[in-house]
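Both of the next two complexes hold chain A, though its partner changes from chain B to chain C.
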Partner chain A sequence: MREYREDQPVDFAIVGTGAGGGTLACKLAEYGFSVVAFDAGPYWRPLEDFASDEMHQSKLYWTDERIVDGENPLQLGSNNSGKSVGGSTVHFAMVSLRFRPEWFKSLSILGYGADWPIDWREMWDYYAEVEQTLKVSGPINYPWGPKRPRYPYRAHELNAAALVLAEGAEALGIGWTATPLATLSAPRGLAHPCVYRGMCVIGCSTNAKQSVLVTWLPRALEAGAEIRDLAMVGSIEHDSRGLVTGVHYLREGRWRFQKARNVVVAGYSIETPRLLLNSASGKFPQGLANSSGLVGKNLMVQANQAVWGISDREIRSYKGPPSLAITEHWNYSDEGKDFHGGYSYMSQGPLPMLWGATQSSKRGLWGQALLDEMEKYNHQVGLKIVGETLPQERNCVTLTDERDQYGLRIPRVTHSYSDNDKRLIAHSLRFMRQALQATGARDIWDETDDTCHLNGTARMGFDRKSSVVNADCRSWDIPNLWICDGSVFPTVGGVNPSLTIQAIACRTADRIRAMARRGELITT
Partner chain B sequence: MRAARITRRQQDSLTSLHEAASNLRQKYAVPDVLRTHVRPVTTSSREAQWRNAAGRQLNLGAALLSLSVLADSGIEHYRGSFQNRAMYVPLGVSALALAASLFGVLDTRARSHVLRDGLYGVAAMTGVIGLGFHGYNILKRPGRFSWLNLFYAAPLGAPVALLLAGALGRGAEKVREDRSSRILGHPAGQTLGLLTSAGLAGTAAEAGLLHFRGAFQNPGMFLPVTLPPVAAGLLAASVINPGNALRRAAKACLNLTALLGFAGVAFHAYGVSRSMGGWRNWSQNLLGGPPLPAPPSFTGLALGGLAALSLVDKEQRSPST
Partner chain C sequence: MTERYPGYNVLNKRNSPSWNDQTREVIDARLAIDEDFHRFCDQAEWRALRAICEQIVPQPAHHFPKAPIAAMIDQKLYSGKGDGYRDARLPAQGDAWRKGLAAIDAEAALESGKSFCELGQEQQRAVLRKVQKGEVASPAWAGLPAQLFFAKRLLHDIVTAYYAHPASWSEIGFGGPASPRGYVRMNFDRRDPWEAAEAKVGREEEARRDNEHVG
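This part shows the complex of A and B:
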């Protein structure tokens, strides 16, 4: 790996190496820029470092102290944030979906949320680039939305849990399909195909999972980027003109400074606003890039409610990637909805400890009752949504006065569902219950309060008043400060976000190259 | 002088009865069955030798196909935990068809054998029934006749291989009996040529489907979808429209296809090594990786095709006597 000196400015210092930062680091390095990408987490070698052990693998999650509040406080950690080189994609579930095209113009076409300053047709090409890079395994014909190119690899075989989703969907007369997944259904280079052991959300130890760690980052290194792991960026420095000059970071017990001509923040929806707010100065007392006051605002989770039941058949839902089948029916059909937005739902494969924890925390089972329930583990089957929530300014990330192990002010994450969100959730639970019932499952119960992916907090938009960055992920306030991760989403849609984040990063890299050619970048 | 009173016609029919009886005796005598391979050629005519050679080559083709089915259904049905009792049937039947074929390969007499004939018939029937089972398996799944089910449900091509083994075997028996025999109303060579040509095309389609499932991730995966179809086309063409150049090209391609069957095993062995744990983890990767026993069915069919070609050749040179 190439290494850069701290006292000589690199073209780009990128904070975070996940879906946004890792992808951008690769593309920028390939375009000839000098790049150092920082991550607070370690650079894992999955074949040696990962164990098939839920407890042990919690080393992948971002579990630093955070304060949660609001009417529906979030449970932060395993299900929404990672701390590893490769970011949350190291333990993500690999579901790789495109947005419904109308969502890029939610406000003007569908009447809710906000419009994106990017056209869906442009995104369609970037999606294809990402799908190729991840060798996404997907169905031959995708039932919804405009035509898309053939997925590079074929869909995986369905497990019994996925077949239950399919049966339920067919019984209710809606479409379903094998889920496009970023895990290999055939060998690729040195990587083995998936072995269907279902350890995906604790980190894949075979490298079949096409995370940022094993796709973009090796290419980034090849192209001369430096990945500096175990390096926590605490603040971004700027000069008297208001241009950023580099980042302060803690590594090996010491605060250091890396000079850079441009800084990209890609720490995901909590750490990104936190870093911008923590970098407040005399010149920017509200934090960097925050003249709109919107940094940290409009945090959007995705609803992750589920319906579970017991099947007479043996299901063993933990076999294979957890979400092998999906229906996007309620993303694409707007008929009969009493809410804005959409949701998809997928088959599930919770690992045993998570399942035990779900039973005790969500249903209050303990002692013998819990043991009895766990006996049914091989027969349990469920459907779970990824549901769109609407942007609300009251859902936000702010700073507290408490400090963490780095001495940095810790974030407060405030979250409440809107009435629209609640109607969407109620609709999904009703519908999934019917679907599960139609397959003959019994003892059905609703898991009403889970959430997954985070998005928003530094939205992109059309002007500096109503957004933090423009379509190119460039901050309105500071022309050499960029934000490129899930936090730029103005709306979230009802699909998992990582494909869109990577597509945006690819687009941003192309835009940066074009601007550099035209001499529109800051050269200090 | 009673004998004198026997008319010539009566005498003729008696002799033929006698012959028929001795033929039958020869054919079904148990010690004969057991001694076939140690006994030298029973008939010395070149014609009979030649018939026998063509028959044995077809037996060899059927043997390879049966072996492929035996190993493949063994592995795949084991993988399917023999959930249905019927899943044992193709193992038994293909083992018997294999035994019959080997017997045929070793049998140097220009005669068919009722045991082989019967077993080949059972194999072909089993293939047809298996096709029904596999079709049902596909259609009962959500998605019905979809790509996903064609990829992962019970494969349609596998039982057809057993049907082809049976058909080639029956052909072998026919040819041994009488070079000018006809199958389905056409000279045996023609019918067998078209049958193997169709079989090759079908097997290539099956390989194509499964290699498409594997996203043709290795360039070698294109071989079985290019070479055998060309061989199949040339074979069919030279059956329908015989000519020297065409026949030579068909022969060359069939020979290459026969080799490809073996090369395929090596490719698939490499494929197994590409799964997590490689050959060290053989007990899992043999089941999950590319099927080792599948490619030799190309060899079996190619041998069948070559035998058919030489039959057609003879048929052309000396139209049935």
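This part shows the complex of A and C:
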């Protein structure tokens, strides 16, 4: 790996190496820029470092203290954040979906949320680029939306949990499909196909999972980027003109400074606003890129409610990727909805620790009742949504006065569902219950309080008053400060965000290259 | 109640292709945890914690090895490693546990004058049910919402510790570690020969025989 000096400015210092930062680091390095990408977590070698164990693998998660409040406080840690080079793609469930085209103009076409300053047709090409890079395995024909190319690799075999989803969908007369997944269904280079060990969300130990760690980052290194791991960036420095000059970061026990001509923040929806707010100065007392006052605001989760039941058949949902089948019916059909937005739902395969926590913390079971219920593990089957929630300014990331092990102020994450969100959730639970019942499942119950992916907190938009960055992920306030991750989303849609984050990063890299050629970047 | 997976022991797979060296190291360390060792909890806290763990997860007597749940929690609390979030209404993890254990003891003492671990089994369960419902009377709960503590801290920590232990995996028929070998048979009612066999009514011995060959 090439290494850069701290005292000589690199073209781009990128904070975060997940779906946004890792992808961008690769593309910018390939376009000839000098790049150092920082990550607070370690640079794992999955074949050597990963055990087949839920508890041990919690080392992949961001488990530093965060305070959660609001009417519906979030659960963070395992299911929505990563502290590893490659970010949360190291433990994501690999679900790789495109947005419904109308969502990029949801305000003007569908009447809710906010419009994106990007056209869906442009995104369609970037989606294809990412799908090729990840060799996404998926169906030949996707049942919803405009035409898309055939997925690069064939769809995976369905496990019993996925077949239950299919049975329910067919009984209710809606479409379903094998989920497009970023895990190999055929050999690729040195990696062999997925062996269906089912532990995707605790890290893939065989490198079948096409995470940022094994796709974009090897290319980034090849192109001369440096990945600086175990490096926690604490603040961004700027000069008297208000241009950023580099980042302060803690590594090997002391604070250091990396000079840079441009800084890209790619820490996801909590760490990104936290870093911008923690970088407040005399010149920017509200934090960087925050003249709109919107940094940290409009945090959006995706609803993650589920129905669970017991099948007479053995399901053994621990085998294979957890979400092998999906329906996007309620993303694409607006008929009869009493809410704005959409949701998809997928089959599930919780591992024992997660399943125990679900039965106890969520359902309230303990004692013999818990053991009796847990004993049905191999017969349990569930359907779980990824549901769109609406942007609300009251859902936000702010700073507390408490400090963490780095001496940095820790974030407070405030979240409450809107009435619209609650109607969407109620609709999904009703519908999925019918679907599960139609498969003969018994003892059906609702898991009502789970959320998954985070987005928003530094939204992109059309002007500096109502957004933090423009369509190119460039901050309105500071022309050499960029934000490139899920925090730029103005709306979230009802699909997992990683494919869209990577597509945005590819687009941002192309825009930066074009601007550089035209002399529109800051040169210091 | 008869066992659903008679004779299945996930540890018999330890030397099979389902386990790699990294996993063996991690699980060996977990199995080596001394069930009597504690350094976060003081004596009173430790007695309460053990009694609570036995109520939340009443491990079957025939289990061997038993999961040392209380010691696993003590270890987690001593390390200070958190889950990545804390409800603003709850104190930090270690403080919440100290306060909660003291409050459960105080709640027990209110009625009987005894500490929690000295109560009978049914009395202990009655105290825990009150805590779960938030129907508590002791002033020791000041600053610690009982219901929230019970659901988000007590249940969460105890139950996840148990289901991180191989003893529980054998009980529920989970395949356990799976790397480098994963699974092949994915459809309904199919098991790979290295998975637990479920006892069907009247065919329990067949399952036991199959489970003897799991490895």
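Assume the second predicted complex is superposed on the first by the 524 of 524 C-alpha atoms of A that agree within 3 Å, B and C clash if a C-alpha of one lies under 4 Å from a C-alpha of the other, contacts with A are read in each partner's own complex, and residues count from 1 in each chain.
Please note the rule applied: a residue touches a chain if its C-beta (ideal position, glycine included) is under 8 Å from a C-beta of that chain, and two chains touch if they have at least 3 such contacts.
Being a predicted model, the structure only gives us computed values, none of them experimental.
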First, second, both or neither for A:291, with chain B first and chain C second: neither
First (chain B), second (chain C), both or neither touched by A:398: neither
Partner contacting more residues of chain A (chain B vs chain C): C
Which of chain B and chain C A:50 touches, first, second, both or neither: second
First (chain B), second (chain C), both or neither touched by A:72: neither
Partner chain(s) touched by A:206 [first = chain B, second = chain C, both, neither]: both
Which of chain B and chain C A:157 touches, first, second, both or neither: both
First, second, both or neither for A:195, with chain B first and chain C second: both
Which superposed partner A:139 touches (first chain B, second chain C, both, neither): first
Touched partner set for A:434, first chain B, second chain C, both or neither: neither
Where chain A meets both chain C and chain B, residue numbers: 157-158, 163, 195, 206
Complex contacts: residues of chain C adjacent to chain A: 1, 4, 18-20, 22-23, 25-27, 30, 55-58, 60, 81-89, 92, 125, 128, 132, 151-152, 155-156, 158-160, 162-164, 168-169, 171-191, 195-196, 198
Chain C partner contacts - residues on chain A that touch it in the complex: 48-56, 61-69, 73-78, 81, 157-160, 163, 194-199, 205-206, 313-316, 318-320, 351-353, 355-357, 359-361, 364, 366-368, 370-372, 374-375, 377-378, 412-413
Residues of chain A defined as touching chain B within the complex: 135, 139-141, 152-155, 157-158, 163, 166-167, 169-170, 176, 178, 185-188, 192-193, 195, 206, 208
Touching residues on chain B, where the partner in the complex is chain A: 141-143, 147-148, 151-152, 212-215, 217-218, 271, 274-276, 284, 288
